[in-house]
Structure formats: C-alpha cells, structure tokens
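Both complexes shown next keep chain A, but they swap its partner, so chain B is in the first and chain C is in the second.
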Partner chain A sequence: MNILDVNGLKVFHGRAQALRGVTFHAREGEIVAVLGANGAGKSTLLGTLSGIYAAKAGEVYFKGEPIIRQSPGYIVKQGLSLVPEHRQIFNDLTVQDNLLLGAFHRYIKDKGTLSEDMERVLGIFPALRGRERQTAGILSGGLQQMLAIGRGLMARPKLLMLDEPSIGLAPIVVREIMEVLSKLREDGTTIILVEQNAAAALRVADRAIVIERGQVIISGKPSELVNDERVQHAYLGRTGGHAGNVAVAFGY
Partner chain B sequence: MPRGNLMKYLFIAAAGIGFVVLPFVLKSNYLLSIFIVIGIYALVVQGLGIIMGYAGQVSFGQAAFFGIGAYAVAILTTHYHWGTIPALLAATVLPSLVAAVIGRPTLKLKEHYLALATLAFGLLVHIIFSEGGELTGGPSGLTGIPYLNIGGFVFNRDYKFYYLVWAVVVLVFLGVRNLDRSRIGRSLRAIRDSEVAAEANGINSAALKLKAFVFSAFLAGLGGGIYAYYVTFISPAPFSFNISIQFVLMAVIGGLGTICGPVLGVGLVVALGEALRWLVPLVIPHAGGEYQIIFFGLILVLAMIFKPEGLSTGWRKITDSEKAEETGLLETSANT
Partner chain C sequence: MDLYLQFLFSGLTLGSIYALIALALVTTYNITGILNMAQGEFVALGALAACTLYSAGFSLPAAFFLAVIATAVVGGLMERLVINPVRNASNITSIIITIGVSIMIRGLALLIWGTNPYSLPAFTEGGPLKVLGAAVNTQSIWVFGLLIVTVTGLFAFMEKTYWGKAVRACVINRMAAKLMGINPYILSLMAFIVSGMLGAAAGVFITPITLATYDMGFSLGLKGFVAAIIGGINNVGGAIIGGLLLGVLEIFGAGLISSGLKDAVALIVLIIVLLLRPQGIIGVVSGRKV
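Moving on to the complex of A and B:
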C-alpha cells in the first residue's frame, strides 16, 4: 500500500519554477532515496510535502488523504515529519526542550507518554543520553543531527523525511545515522531520504528517484541506479556533458 | 546546587524586604516617584522583552501601545467618567486589539522591516494624540484624571501607588516566568532559533508571534493605564518615538530573553537618566537634554562591547559553561 502519493507537483519560488510536475510514491515501510544535484528541487519537494511551501498545482495524498495546502501543523499531526536541512536545531534550548518541541502538537493531549517517547529516542541515540540538560548549540555536528532526527521522531511519524542528514558529518557518524534509519524502517516507519551523498543513501534505500531541474528523471532500485548512465550523467557527473568535462579535467 | 539556591532565596528575601520598607526609608517623594516610574516602565519593557527576546522581533511601537493605554484611561475617565476597573480594562484591551489588527500584516515582514513598520505605527499614533482635537486634548493633553480608586480605596499618595505598581510588577514577573517555562515560551524561543524547524514541528509561528505581540501590547497598555492614573495629566510627549527607542534600549541593556532583564534595564536607564540630569549641568553649564542622548549612546555602545547579552545574563552564562567544562561535556561544534 502506498503511504504517500505525489502527482504532478508544481512549486514556484517567486517567478522561478522549482518543481515542474513531480510524480512519485512511497510504499509503507520502505526507504526512498531522493537524489539530485544542488538546486534540483529536493529540499523544495520536502518543504512542500510538509506544508511549508505552497504548491501551485498537483496532488499529495498521505495515507489516502489529500494533504496539499494544509498547514504544517496539520500535516505533522497526520504523521508526516520533516527533519530539515542543516539540522536547524534550537541552539539556545536544552536537548530536552528540543525533543519536547518535536512533540509540540500532542504536548497537551498526551503529556503522559512524552517521557516514554523521550526514553525511546535516547535508546535510539544513546550518545544523547546524559546530555538532556545541555544547551543544544554546544553539541557536536553529529550529535546535533541525531538530536534533529530525535526531535522529528518525537512527533511519532508514520513517514519521516530527512533533508541531507549526512551533510558535514564524519563518515563514521554517517554510517551510524544510516543504521538508525534502517532500524526505524524495521519498526515500520517509512522514510524519504534526500541526499547528496548518493553512495550512502543508495546503500540503505529500497528505491530511489533522481530529480533534475524540478522533475523526476529516473526511479528504480538502487542496484539499477548505480549503473545507470543517466544517473552518472545527471548526478554523479562522471560521463559526458559539461559535468563530464569537468570530471575529465580533474583526471577521472 | 543547594548553596546557590540558598543564596538566591536570601537575595530574593532581601530584595523583597528592601522594597517593602523603601517608602519608609526614603524621605523624599522625588526618589519614590522614580521607583514608581521604574515599576511602570518595567511592565512596558517586560512586554517588549517578550516580543524581542523570545520571538526575536524588534518593535519600535511600544511607546504607542503605552500611549494608547494611557489615553484610554485619560479619555474614559475625564470625558465619560468611567470607574477605575473598567477604565484599566479598556487600557489593556484596546492596545491588545490594535496589536492584533496591525500585527497580522506586519509580523509577516522579515528582518528589519517589522522594526520599520512599528516605527511608522508609533509615529502615526503620536500624531493622532497631538491632533486629536478635544478628544485627546491636542498637544497640551488632558488634565483632571481622577485618582485610582479600587473599591473605595483611593491611591492618592505616592507610597500607596508605589505598593500598587510593584505588586502588579511582581504578578507580571511571575506570569512571565511561568510563560518562560511553558510550552508557549519554549515554542517562542524555538521560533527565534529556527523558524523553519519550528514550522516543521507543527508550531504555527505566525499565530504564536501574533500572540506574543498582542501580549506585549497588553502589558504596555497596562503600564500606560497605571501611568495616566499616577501622573493624573497626560500629553503626547511621553509616548513619542524617542521613548520607544528608550524602551528598546532598556530591554537590550537588561538582557533579552531573560525574565529579570527588563526590570534591571529599566532601573539602570532611569537611574542613569536622573543622575545625568544632575551631573551634566555641573560639568557643562546650560547643557540641554540632548547631552543625555550622547551618554545613552555611549552606554549602549559600551554595553554592546562588554555585555552584548545584557546585564542579567552574565552570571548565569559563566556558571553554565564552567559546569560544562568541569564535567568535560563541552564539545566544540565540529563541521558546522
């Protein structure tokens, strides 16, 4: 069953068209990697799905319900959470407050389950344990990313979207985070993973799509994508075209 | 930290006793009136502190809300003979409503544009006060505001007013402290840190900023209403743009995003203003009020250099980072 269906999504930033009719889907319990170069529209896609940007045209169905043009608050409540680009943790707040804010929409309703959920997040990211009262801004980049993901999980999402969680992190931390994503999938959470680090993303993903200039140009299994000429051209920049020339110039 | 707590409670107790006995110790009404003004301004700046310190927005319209509250009391009591409670209620409700209306479009503005919009609003309101004809009394203002009267108890002496004002300040202080620790306070600080992430977590930042703005106007109006009752006559001058800047100065010097900051900032700026009024003519004869502005500028620059986070944060920040270092938990933020 598809947990998310996106049809012909068009989004503008002012007069510039960022998405030119994006169509894709995510099945329940899988990891979908979204690949693409800088400016391809990946972050715009996630921002639109979570209600931060308004779409000009297109349809988005989450669990069969239309969620397009709904407020971010409503969408989070339905179970679709975003871990935004560059972590965007609340620097001046404590780790605990950051996590509690992740549960903003159900803070009053189920106050009792909050500590339980916090415990679950600390179980997933043991490195955060013991730092609950620290100011989030002083944490290392890796811990901040874990905190950002933990904050997203506090909303109890059915579908978690991550925008470049590996950016600026050491390879060992990236591996740790990718392992956590696999574990979350086993627990039944669907994941959409936007990444520049294609190699890392393709290792954990069940399926992947490649976005170029606001459109999905390829979709398929990671094994198919790794060897696809067009992926190499569009994204990895290894063969042909302008990017290929650059690659050749650098001795590839 | 039991020892730290003990010190804290001792300090609070000492400050409390100090405030209660102050009117008996002070022989001059002049000094008492300064403390009353500090209390009134503290209400106004506490409001500004919420919108600036928690929501991270700069407003140059606080004196206008202060003025709307004051004029509400003045007009309703002199023209329409309203009682204290309904007049004070109007003094808080009216600025809140105005804030709700102008906040809707202006809070969407990013960065410095909100400051400009509130600046324009402040100037506009000031013009309305001066050109309001009989209703506002024009440039000379309104006189004959009756004494504040709650259930037959008349606040006709400065010391009575002193207790009333500071009781209100303490109540507001406790209210803001609660807000600071609540879900709303946390959400406001989250918006200040990252609006995108706050939205992504389902915080409606526009609605929350509007609430903060309305609450800040509410406190300004409360201060304005009490002010009108205290001075019993008002003119447009104390609600001008310069005063708005002073409020911002007080909030910044005291420390943004802290609950003690507003009172400290107001105390310092008012005390300094009074001191300069005595001192400057001794050094430079025939010096006008402009010299005060030079000194305020100097103080603001010094504060920005040596205490950019405000007076009230210095102590806490030091102890926090020390604690972190002791336990070896302070990490340099790699790769950011």
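Moving on to the complex of A and C:
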C-alpha cells in the first residue's frame, strides 16, 4: 500500500517555478531516496509535503487522505515529519527541550509517554545520552544532526522525511545515520531521504527517484540507477559531480 | 548627594515604565518580527479606561483589572484585524500599519476622553518614604514592583514552562517551530494580547504620578522604543536595562542641565547608540530575519 502519493505537484517561489509537476509515491516501510543536483527542487518538494510551502497545483495523499495546502501542524499530527536541511535545531535550548518540542503536537494528549519516547530516541542515538541538559547549539555537527532526527522521531512519524542529513558530516557519522535509517525502516517507519551524497543514499534505499529542474526524470531500484547515464548527468550537469562516481562507489 | 539620590529614584521610576513598554515591544518583535508602534497607545488606553471605571464607582483593583482586560482585547483585535490579514507582507508594511493603528487609537481616545487629564489615587496612602535621605513616593515602589513582577513572571514562563520554550523555539527558528506544529500565528495573537495587558498595567500604575491624557502614549511609546533600541531590539534584558538607563538619564538631564532637555535626552541617546553601537548595548549583530 502506498503511504504517500504525489501527483503533478507544482510549486512556485515567487515567479520562479521550483516544481514542474512532480509525481511519485512511497510504499509503507520503504526508504525512497530523492536525488538531484543543487537547485533541482528536492528541498522544495519536502517543504511542500510538510506544509511549509504552498503548492500551486497537484495532489498529495498521505495514508489516503489529502494533505495538500494543510498547515504544518496538521500534517505533523497526521504522522508526516520533516527533519529539515541544515538541522535547524533550537540552538539556545537544551537537548532535552529540543526533543520534547519535537512532540509538541501531542504534548497535551501524551504527556505521560514523552519520557518513554525520549528514552527510545536516546537508545537510537546513544551519543546524545548524558547530554540532555547541554545547550543544543554547542554540540558537534554530527550530534546536532542526530538531535534533529531525534526531534523528528519524537513526533512519532509514520513517514519521516530527511533533507540532506549527511551534509558536512564525517563519513563515519554518515554511516551511523544511514544505519539508524535502516533500523527505523525495520520498525515500520517509511523514510524519504533527500541526498546530495547519492552513494550513501542508494546504499540504504529500496527505491530512488532523480529530480532535475523540478521534475522526476528517473525512478527505479538503486541497482538500476547507479549505472544510469542520466543519473550521472543530473549531477555532473550542475555541480561538477561530486556524486558522479556513483557507480565507482558501488564497485559496479 | 541627597539630590542625586533623589534623581536616581525618580529616574528609576520613570525608567521602569519605559522598561515595561520596551519589554512588550521586544517580546512582540521577537515573536512576530513586527515593531508595534501602537504600544504606547495601549498604555494610554489602560490608564484612561481605569480612570473612567474608577470614577464610575469601581474599586481601584477592579478598575485596574477591567482596564487591563479591555486593553488586552484591543491588542488581540488589533492583531486579528490588521496584523494577521497582512502576515505575508514585509515587516516594514506591518510597522507602518501599527503606526496607523496608533494614530487611530489616539484619535478615538481624543473623542472619548477629550484633552483633559485624568487621575487616579495612589495605590497606598501615606507620605513618601525616606530612603537614605531621599524621598521615595510609595507609588514609585508600586511601579518598580510591577516591573519586577513582570520580569520575573516572563522569565519563569520562558525558562521553566513547556509553552514558554515553544515560544522561544519559534523565536530561535520559526520554520523548524512550524514543523513541530507550533503555530506562529497563535503566538503572534498572544504577543499582542500580552502587550495590551503589559501596556495597560504600566499605564494604570503610572497614572497616580503623571496623570493620564489621551496623548500620553505617543511620548511613552517613543521612549519605550528608544529603550528597546538601546538594549538591542531583540534582547529582553537589554530592554530592561535600556529603559532604566533612559529614565535615569532623562531625570539627571532635566535636573542638572535644564528641564526643557528631558525629552531631547531620549533622542540624543538614541542617536549616540545608533552611531556607536547600532546593535544595542547588549544586543548582538544578527542577520536573522524573523
């Protein structure tokens, strides 16, 4: 069953069209990688799905319900959570407060279960344990990313979307985060992973789509994508291709 | 020496009012990105409403609470009717709208209350207290007390409660706060309601000392604005220090040089601060757009 269906999504930033009719879906319990060069529209896509940007046209169904043009608060309550680009944690607040605020939409209802959920997040990211009272802004980049993901998990999402979680992180931390994503999938969480680091993303993904200039140009299994010329082109065309050697990275 | 001490106490009283207005301005600014130039009118509305209620036979506390509630309603209505509908406009548009609201409120106040000053009795009877040889009005102590209670309350809310942390989250990162389901538009409404309450409370507390007139809000709002700029427009602690400092400087300027200089002091201080330290004495440079 598809947990998310996106049809013909069009989004403008002012006059510039960022998405030109994006269509894709995510099945329950899979990891979908969304690849593409800088400015291709990946972040706009996630921002629109989570209600930050308003779509001009198109349909979005989450668990069969339309969520397009709903508020971010409504969408997160339905179980769709975004871990935004560049972490966007609440710098001046403590790690604990960041996590607790992740559960904002259900705070009144579920007050009793929050410590349990926080325990679960600390179990997933043991590196955060013992730092609950530290100010989030002084954490290292890797820990901040873990905190941002943890904060997203506190919302108890059915579908977790991550926008470039690997950006600026050491390879070992990237590997750790990707392992966590695999583990979350095993627990039944569906994941949409936007990445510049195509090699890392394709390693964990079940399926992948490539976006170029606001449109999905390819979708398929990672094994099909790594050798696709158009994937290489999508990256090489714009960024000079740090992900151009996708196939090499895979040993194909 | 006694004279200086006397100036200091008077300055702190006046400064407490400036600090309260600046506090409301900064809090609203941090949450909404809007400088509410009608903040001073909230002070006038609260003061005038309390005077009318008191002369209509309400007790002083009842008049105080009703005036605070009424002004809170005005603040809330202002947000719903003119701020929220243009929430996607630039901040400068919103600021100009608040100036329009302030002119409108002042005009209505003139129609309702006329140009005569109104007064309220001091909250506690009895002559001035002698402190270290200087005479301190009991009402001044009430004013200072209001500032302390407000600051303590605000601090406790922001630092200790979940909802206060949600407000701070919105100030730190509006986009991320939205993603958590925190609604900035509700916070914006709350900010204007609390601004109305704070302004009205300040107005009622200062009326026994300065009297209330329909146009008192203009100068108070301006001073509160200067105080907020001195402190660094987004800094709560800076707003309080800025307000107190401005009050003290004004009284010393008026007392030692010329009483005609009182209002000029605020603007001179503003120019000096903007030239030498545009981020405020406490504020840090921030490129953040709320």
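Criterion: the second predicted complex is superposed on the first by the 235 of 252 C-alpha atoms of A that agree within 3 Å, B and C clash if a C-alpha of one lies under 4 Å from a C-alpha of the other, contacts with A are read in each partner's own complex, and residues count from 1 in each chain.
Keep in mind that, in the parts below, a residue touches a chain if its C-beta (ideal position, glycine included) is under 8 Å from a C-beta of that chain, and two chains touch if they have at least 3 such contacts.
Not measured: the values here are computed from a predicted model.
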item	value
Superposition on chain A - do chain B and chain C clash or fit	clash
Contacts of A:134 with chain B and chain C, given as first, second, both or neither	first
Touching partner for A:220 - first (chain B), second (chain C), both, neither	neither
Contacts of A:39 with chain B and chain C, given as first, second, both or neither	neither
More chain A residues in contact - chain B or chain C	B
Touched partner set for A:168, first chain B, second chain C, both or neither	first
Touched partner set for A:144, first chain B, second chain C, both or neither	first
First (chain B), second (chain C), both or neither touched by A:89	both
Chain B and chain C footprints on chain A, overlapping residues	50-52, 71-73, 76-77, 81-82, 84, 88-93, 97, 100-102, 104-105, 107, 151, 155
Chain A contact footprint on chain C (complex, rising order)	162, 165-166, 168-169, 172-173, 175-183
Chain A - residues contacting chain B, complex	50-52, 71-73, 75-77, 81-84, 88-93, 97, 100-102, 104-105, 107-108, 131, 134-135, 137-144, 148, 151-152, 155, 168-170
Complex contact set, residues of chain A against chain C	50-52, 71-73, 76-77, 81-82, 84, 88-93, 97, 100-102, 104-105, 107, 151, 155
Contact footprint of chain A on chain B as seen in their complex	183, 186-187, 189-190, 192-194, 196-204, 257, 320, 324, 329-336
